[in-house]
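Below you'll find the structures, each written out as structure tokens.
Next come two complexes, and both contain chain A; in the first it sits with chain B, in the second with chain C.
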Partner chain A sequence: MSLPRHTAVFVLLAILGVAFWVLLTGYAPDETLNRSALYYAENTVSDTGAQNIVAAIIVTFRGLDTLGEVTVLFLTAAIVGLVLSHSRAPRKAAGPGILPPGELLTTGARILVPMILLFGAYVFVNGHLTPGGGFQGGAILASGAVLALLADPTRRFSHGAIHLVESTSGVLYVLIGVIGAVIAGGFLDNRILPLGEFGTMLSAGAIPVIYTLIGLKVGAEFSSMLESFEETEDPA
Partner chain B sequence: MSILLFPMSLLLAAAMIGSAALALFTTQRITAVLAAGLVSLFASVLFLLLAAPDVAMTEAAIGSGLTTFLFLFVMGRIRRESKQ
Partner chain C sequence: MIQVALFTGFALVLMGLYGALTNRDIIRMIIGFTIADAGVNIVLVAVGMMAGRTAPILDTIAPADAAQRIIDPIPQALVLTAIVIGLGITALMLAYAYRLFRFRRSLDISDFRDLKW
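And then the complex of A and B:
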């Protein structure tokens, strides 16, 4: 590295350091909530009937952002599938030189995979009551799928089924949003269903439905991504 | 609770920095991958202490679970191919 480049790097680092120093010394924790946070803290429970305020904000007030996140994830999964589809291995083969999984892994996976899938479903079905929700539950579902793939590398999940689950839940998600705009207060309003009794399983309007759809969609997207990695064939 | 909270947060932050340094400076690839997963694991415990269980779950499931698996999977793939 030459001297001018060194100087440029140091100047850049100094500017960054000054910027962070100013941020750090200028930081003062807020004494009160700002206006939107105050509205959320005071009115979320009465507006949405959800016990988990974070989930209620993510699904209703910031529902459009969540739809955007799901779309980004969908695009990523689609691109991974597109790039890797050129080197897909034939059925019942996972590339040459596959290592057979151990006895411990196969036996353990037989017990753990159903439990992990059940836990993922629990997390997104209870998203409006306990911490967690669609994204977390979907990621847990995908880790169950990963364990199944690790225990049996030649296993193939049905691509058709995964794509069906993913696209159906995506379409239903947008449809629920549109129904909210038509018969309730706005796009992705959860009050299209009765709010129910606070703190019970069937409460908070459409939030459990939307979170279940998000969980299925995210789980299907992650699983299809990981499966695309698994199915690629080594170029011989 | 808050008396315990501060030293525990400091300890977790130090452990995060330590495992991040391990991931950067180790010569073994497998250690680096596991240390990177460990950073996420400590981060998720820290999120839990800071009363953000939703974020903690995401971090644990994606950061330390799926990402670590993806790295290990691709490493196994590379090793298998380079053997041939």
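And then the complex of A and C:
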């Protein structure tokens, strides 16, 4: 790159750095919670019954936002699939010069993949109680898919199954939202199910159900993105 | 502690932008954007931090004194969204990079002059 352009980038970033420096030195942390945080702190338990306030915000208070986020992720997976669909490798071929996975990886994957999937399910089922939730659990599910693909690069997951999981969980998610609008306080209200005993697995109304659906959907979307990347042919 | 996290976040943003703006290789530009993304997330989480308080999970805290004991949960919820969207953006950038490579057999950004004026 030419020297003047390099200098221009440097000067611009130096100005941005000064702006950041002013923000940093002038930053004073809050002593008390701001008004919306205070609302969440005081009313999460009575409104939603969830132990994890972040989960309550994501699934219930800002549930519509999360629905939009899942939609963005779906769009991304669809576009990645579309962009890469023209260069899909034929079945049982994964490009030239692919290294065979070692014995360790194959055997290790056989033990680890089910455990990773189980852990992902644990994370999204307990999203309303512990740190974690649908997005994290879904990402863990997809990491199991990565390991399975690394251990057997010629493996092809069933597109039909992935799309079925994804669309079913998406439709159920919206349906639960609509049920909330009909029989409870509004769209995606979690009080369509009894709130249950605070701190137990089956509590917080529909939050565990919604988080499970999000987890499955996110896991399926990440897996289908990975699959699109994996199935693309190396340009020979 | 908060200042350290903020400083790290801002530094990562600057480093990432520098890498994305000065590298010619598309993959390196994508890595630069990802680093800047991580920096923004660190800054956002750090802003929600409050000294002497704990995570917004009410397993050991009584719900009644949550307002005095927990940190701001909103930045955490926002960052969770930002991380997921950031991953989607990275995946899209990589897919486009692959298409560009198929198209021109090159990942050097200066080989793509179609939109240059």
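The criterion applied here is as follows: the second predicted complex is superposed on the first by the 214 of 236 C-alpha atoms of A that agree within 3 Å, B and C clash if a C-alpha of one lies under 4 Å from a C-alpha of the other, contacts with A are read in each partner's own complex, and residues count from 1 in each chain.
By our rule, contacts are C-beta pairs under 8 Å (C-beta built on N, C-alpha and C of every residue); 3 or more make two chains touch, one makes a residue touch a chain.
Given the structure is predicted, the values throughout are model-derived calculations rather than measurements.
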First, second, both or neither for A:Leu84, with chain B first and chain C second: second
First (chain B), second (chain C), both or neither touched by A:Leu67: neither
Touching partner for A:Ser143 - first (chain B), second (chain C), both, neither: first
Residue contacts with chain A in the superposition, chain B compared against chain C: C
First (chain B), second (chain C), both or neither touched by A:Ile57: second
First (chain B), second (chain C), both or neither touched by A:Phe229: both
Contacts of A:Pro131 with chain B and chain C, given as first, second, both or neither: both
Which of chain B and chain C A:Leu117 touches, first, second, both or neither: neither
Chain B versus chain C as contact partner of A:Ala206, first or second or both or neither: neither
Those residues of chain A which chain B touches in one complex and chain C touches in the other: 52, 54, 131, 133, 135, 222, 229
Partner chain C, residues of chain A touching it in the complex: 1, 6, 9-10, 13, 16-17, 20-21, 23-24, 27, 29-31, 33-34, 36-38, 40-42, 44-46, 51-54, 57-58, 62, 65-66, 69, 72-73, 76-77, 79-80, 83-84, 87, 129-131, 133, 135, 198-199, 218, 222, 225, 228-229, 232, 235
Touching residues (chain side chain B, partner chain A) in the complex: 53-54, 56-58, 61-62, 65-66, 69-70, 73-74, 76-77, 80-81, 83-84
In the complex with chain A, residue positions of chain C that touch it: 2-3, 6-7, 10, 13-14, 17-18, 21-22, 24, 47, 49-51, 55-59, 63, 66-67, 70, 72-74, 76-77, 80-81, 83-85, 87-89, 91-92, 94-96, 98-99, 101-102, 105
Interfacial residue positions of chain A with respect to chain B in the complex: 52, 54-55, 95-99, 123, 131-133, 135-136, 139-140, 142-143, 146, 150, 222, 226, 229-230, 234
